[in-house]
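Provided herewith is a single structure, encoded as structure tokens, for subsequent inquiry.
Which chain is which? They are A, B, C and D, in the order written, and residues in each are numbered from 1.
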Amino acid sequence: MKKILDTCNKFFGLIIVINIFHQIVSSAGYFALEIPILQFLYWISIGIFGIEFILRVFVERRISVLLSLDALVLINQVLFSVYDLRILRLFRLFDIFSQSRFLLPTNTLINTIIKQRNALMGSQIMVLSILLVVSTFIYFLESSVQPDVFGSIPSTMWWGIATLTTVGYGDVVPMTDLGKLLASLTMLVGIGMFALPAAILASAYYEEIQKKNFLVSFEAIASVPLFQELPIGAVGKINEKLEVVLVSEHETIFSKGDEADSMFIIEYGKVKVEIEKPVYLVAGDYFGEMGLLGNAPRNATITAADDTKLLELTKSDLAELSEEHPGLFKELELSASARSSD
Amino acid sequence: MKKILDTCNKFFGLIIVINIFHQIVSSAGYFALEIPILQFLYWISIGIFGIEFILRVFVERRISVLLSLDALVLINQVLFSVYDLRILRLFRLFDIFSQSRFLLPTNTLINTIIKQRNALMGSQIMVLSILLVVSTFIYFLESSVQPDVFGSIPSTMWWGIATLTTVGYGDVVPMTDLGKLLASLTMLVGIGMFALPAAILASAYYEEIQKKNFLVSFEAIASVPLFQELPIGAVGKINEKLEVVLVSEHETIFSKGDEADSMFIIEYGKVKVEIEKPVYLVAGDYFGEMGLLGNAPRNATITAADDTKLLELTKSDLAELSEEHPGLFKELELSASARSSD
Amino acid sequence: MKKILDTCNKFFGLIIVINIFHQIVSSAGYFALEIPILQFLYWISIGIFGIEFILRVFVERRISVLLSLDALVLINQVLFSVYDLRILRLFRLFDIFSQSRFLLPTNTLINTIIKQRNALMGSQIMVLSILLVVSTFIYFLESSVQPDVFGSIPSTMWWGIATLTTVGYGDVVPMTDLGKLLASLTMLVGIGMFALPAAILASAYYEEIQKKNFLVSFEAIASVPLFQELPIGAVGKINEKLEVVLVSEHETIFSKGDEADSMFIIEYGKVKVEIEKPVYLVAGDYFGEMGLLGNAPRNATITAADDTKLLELTKSDLAELSEEHPGLFKELELSASARSSD
Amino acid sequence: MKKILDTCNKFFGLIIVINIFHQIVSSAGYFALEIPILQFLYWISIGIFGIEFILRVFVERRISVLLSLDALVLINQVLFSVYDLRILRLFRLFDIFSQSRFLLPTNTLINTIIKQRNALMGSQIMVLSILLVVSTFIYFLESSVQPDVFGSIPSTMWWGIATLTTVGYGDVVPMTDLGKLLASLTMLVGIGMFALPAAILASAYYEEIQKKNFLVSFEAIASVPLFQELPIGAVGKINEKLEVVLVSEHETIFSKGDEADSMFIIEYGKVKVEIEKPVYLVAGDYFGEMGLLGNAPRNATITAADDTKLLELTKSDLAELSEEHPGLFKELELSASARSSD
């Protein structure tokens, strides 16, 4: 069931990507509208999303943000066709692929923004206050000279934002000496404020990323008991072969009966072997090696008992390593036979 | 009395917000001046602020910065009406709501700026020196070709600031080859300097915010009235004993009947004592000390009325502190007996 | 002797400031040239600097960078008078006041730049490479369409620098679709590189500043034995009164016979009391309190035996503190009498 | 042999630099094409690079990225001569001089980018999403008013990138009130995102540089040939024993006749063994092991031929390691006897 849903989701993801692509190129009138297949897809996807929408409303029985966005897009497409809002489905794309390794850092970033909202808000209030005061004073100084662009405080705020963010279009520039003096002081003092959110976010995001760490560090390899006897010279080779897998609490790593094509080493966290009397494995332990050696399917379901970072080693990579360093292989066989005889 | 003042302050805050809004929209001539109620409010608030100003002068008997700003705004409104300076009351807004949770990060930011003024000054002096030298040399190179915009060093400084801050309006651009070469070098070398204050501020502000959330700072201890009479030498010891507890709005801190094994001091935020007539305690207040002294269970439920940071002191740590500093114990007993006899 | 030199230096500093001010306003033709006194000063200072230059050449007998700059300025003023190079004396200003508290952070910044030159260089090489490649390719794409501004690689480098530094004057903008695509990619990828030096510098400078710390932290006060018995409530007041004094190794803090108008507490570092058998005082110790109590002049020279951070407390501030907290005064008297009886 | 290759490489590096210089100045038509020697060099270097290309294809027998770039440049020069692609050889320059001290920080930076690719990718996906949504909405608002520059989503993306990166050319600026409002919000919110990569990179790069200077990283140990055969489990132990020694160029590490109490491994840099025919040792080499084994004093003076980072291993620590891992000891003895018998 879960697998079907997953496939469905990926299918919807694909349709959304095509739709957004279609929206962009059709706006440019490049060639898209003329290609009948894209135009055909446009109508097909209205149908698909329409049916999906109705199904979800009946199943979920509550209106989520993403669902309302979908409603907005559909209603607009069917009834008005004035603005093409398909781009809004981008958010659903994030939702669909939120668990993919590719989007993990982006999700970390979004979480960081939410966590740091107070610090960000603090600097933004400062920023808006500076903007208000500066815009008001430049209005006093410039409005008589350039009434068309500095003629009201909302107008001068357009100048203020473009200046304080250092965008500086140059479409609106103070001309009086006093105006230039005020603008200079504003740039010198105010710009620091506007760069604050980026810097705060960067510090927090960097910390968060380091905590999760999508890298296999040499320290991590050196702390895995299984590798202790390999020579130092092999660290680089192992490093290339290990793939990082991050799993959240309660997530299933593999299920009983699944094909066994890789083994896992726990860098940090905890996993639960779902057998009669559940067993917990912790940092430094490895699992999934039994099936690998004997070509049997997984003989137990294993779930994460905590947010866990795993290092995955595929069958073929393991075979290659074992060939070069027979000692590694022997320990695995011993441990596997010991476990299976339990 | 304090409550009346608080309500008064919030009322003035509201009037200021309306006035600033009125100033902005009226400058744009959108609709504001035509709406009689806003115009009416304009005159009313002159009256209100006038009376308030006179009252405060008589009560406070000294001229603070905010008071002089108020005087400036009022005098200008009544006598000249040339420039509308109401925007300056923004600073009073910050003062009025400085204790609200919403402005806490902004105040932290302002304090950070004050603390880091030396580091910021250090980079600003560097910045101004670079600006002076670069502006002088570009003046030599460009003044003959573009005498109208590069005709004097103050003029070239306008170009210099717009360039070094990366605003780059483009209203003034060097045209000679040598001028462009100098400008290129300036951009490559000088921009780092101009981005320094933002980066410094960000590091310091981020640290400060993190500290505010998870540490007991010496500043926090020094601001707790309960500890005022303890000797400075005890700060380190108290610091070790206090545990930070962060509670979200509506969260229950303890319930009536719970075992009483610690007391709490509020660093910031607000808690609600859930008795017949609920009582609110704010920053600097402490609670939970009664059960501690008499071994009785908690006699009231206490919930957070805001996101609150508490400093927890366990029974045994309190006993230890009281033993060394009997004065501390006495005040607690007095306050506890006073409360319980209410 | 040292005092005379010091006064001389300050006098030259003043002349330089006036000269630079004169150069700037005279370039603008505001009013300066018309004011005979400034014009008079111009000729006077040529004389003064000329004599000083000759004296220094004879005394120092080697050509330093600052001396050659001075020569350059003088020769130009006397012989050619084409370019007004007085602005170059700005560097001498830094040299003269390098020990003043005001310029300390700026000097720290300069030292940080020198220390981090490798890291900065590393990113600048990257930056120049990106600039070269991007400028070459945009030259291919745009030179036929806009031969006047994209007509050669040096020309496109002007665009490249203005873009990659985010200055973006807008005087040169790609027009072809491919050119815009390349420019877009350049902005997305390359800008990170150009912001690197600022960020690196900021991290390093911030660290350096924190190490020196121009602040009196609560932690520092709480660790001074002298204040241990004061109540916590007094920390804020003491904090306001203490002034930070940073002295380098071998620097003299005060000399025997000087007027005694303040006492010092050592936050970190080491000082040497220059008596027959030199005594060293370290962090937490205080000195200079004897003269304060008895109105006698300093009875020993004290020099820094290491880079040292002192907290200075003036006579009047000490008197005020002693009045409120008599205990503080008593300990000082005891210690002073103990020392003097040695 | 290695020496010849090294000289060859440097010679090619020189030719590349001349070629790139020639390309830049010839594009500007300054004087280069007219100088027959540069033109002559142009043809000569085609010949040299052609021969070298053929040789390398035969020797290496696989097509690397750099080799294909070379092919691209050569084919283009000989057959089409439309675009001058010599600038692409810049990458080979990086490759040739990758081990020079001058390019070390740049290589560290490149490695940092590779390491942090996930974090950077995470923010870039965010950035592109914001760009897409903002560009679409500004297209709705501005396309009817300025159809020539806001007429399609790809067009508005040009505006979007120039704005969000704060380049702000000003060639395309929203004109409607709603468009300006959207642009203002975009600047306030979105700019933080675009500054993220720079800030992340800076933090990571700065850390990496600091590590390179003052720590023994696991990567460094893994790259020392001497340790290759030790088991991974020993890395931690070796790490504790190695002491970092930074020596500047020309500094003496030890002198002939000194007591021999430690050996050194070169992490980066170069040292000179001051014997009759001086020998140079480079990264990965070790020295000073002879005296250790035989209790003899140092038999040669060794100085740094470049800024060098050494890892020092004391006699007792080496003894301890050798005991646990006899293999290590054997190699040292062999190498020592081999050297002394020279």
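Note that in this section contacts are C-beta pairs under 8 Å (C-beta built on N, C-alpha and C of every residue); 3 or more make two chains touch, one makes a residue touch a chain.
Given the structure is predicted, the values throughout are model-derived calculations rather than measurements.
Engineer: A-C or C-D: which has the larger count of contacting C-beta pairs?
Structural biologist: C-D
Engineer: What pair in A-C, B-C or B-D shares over half of its contact pairs, by residue number, with A-B?
Structural biologist: Same contacts by residue number as A-B, out of A-C, B-C or B-D: B-C.
Engineer: Measure off the straight-line distance from the CA centroid of chain A to the CA centroid of chain D, and report it in whole Å.
Structural biologist: So the centre of chain A lies 29 Å away from the centre of chain D.
Engineer: So the centre of each chain is just the mean of its C-alpha atoms; given that, what is the distance between chain A and chain C in Å?
Structural biologist: 44
Engineer: Cα centroid separation between chain C and chain D, in whole Å?
Structural biologist: Distance between chain centres: 34 Å.
Engineer: Out of chain A, which residues touch more than one other chain, so two or more?
Structural biologist: 166-170, 194-195, 198-199, 202-203
Engineer: Over in the complex, which chain C residues touch chain A? Could you list them?
Structural biologist: Touch residues, chain C against chain A: 166, 168-170.
Engineer: Using the touch definition from the top, list the residues of chain C that touch chain B in their complex.
Structural biologist: Those in contact with chain B are residues 20, 23-25, 27-29, 83-84, 87-88, 90, 94, 102-106, 108-110, 120, 124, 127, 157-158, 161-162, 165-171, 194-195, 197-199, 201-203, 205-206, 209, 214-215, 217-219, 221-223, 227-236.
Engineer: Using the touch definition up top, name the residues of chain A that touch chain B in the complex.
Structural biologist: Residues 118-119, 121-123, 125-126, 129, 132-133, 136, 139-140, 152-155, 163, 166-170, 173, 180, 184, 187-188, 191-196, 198-200, 202-204 of chain A touch chain B in their complex.
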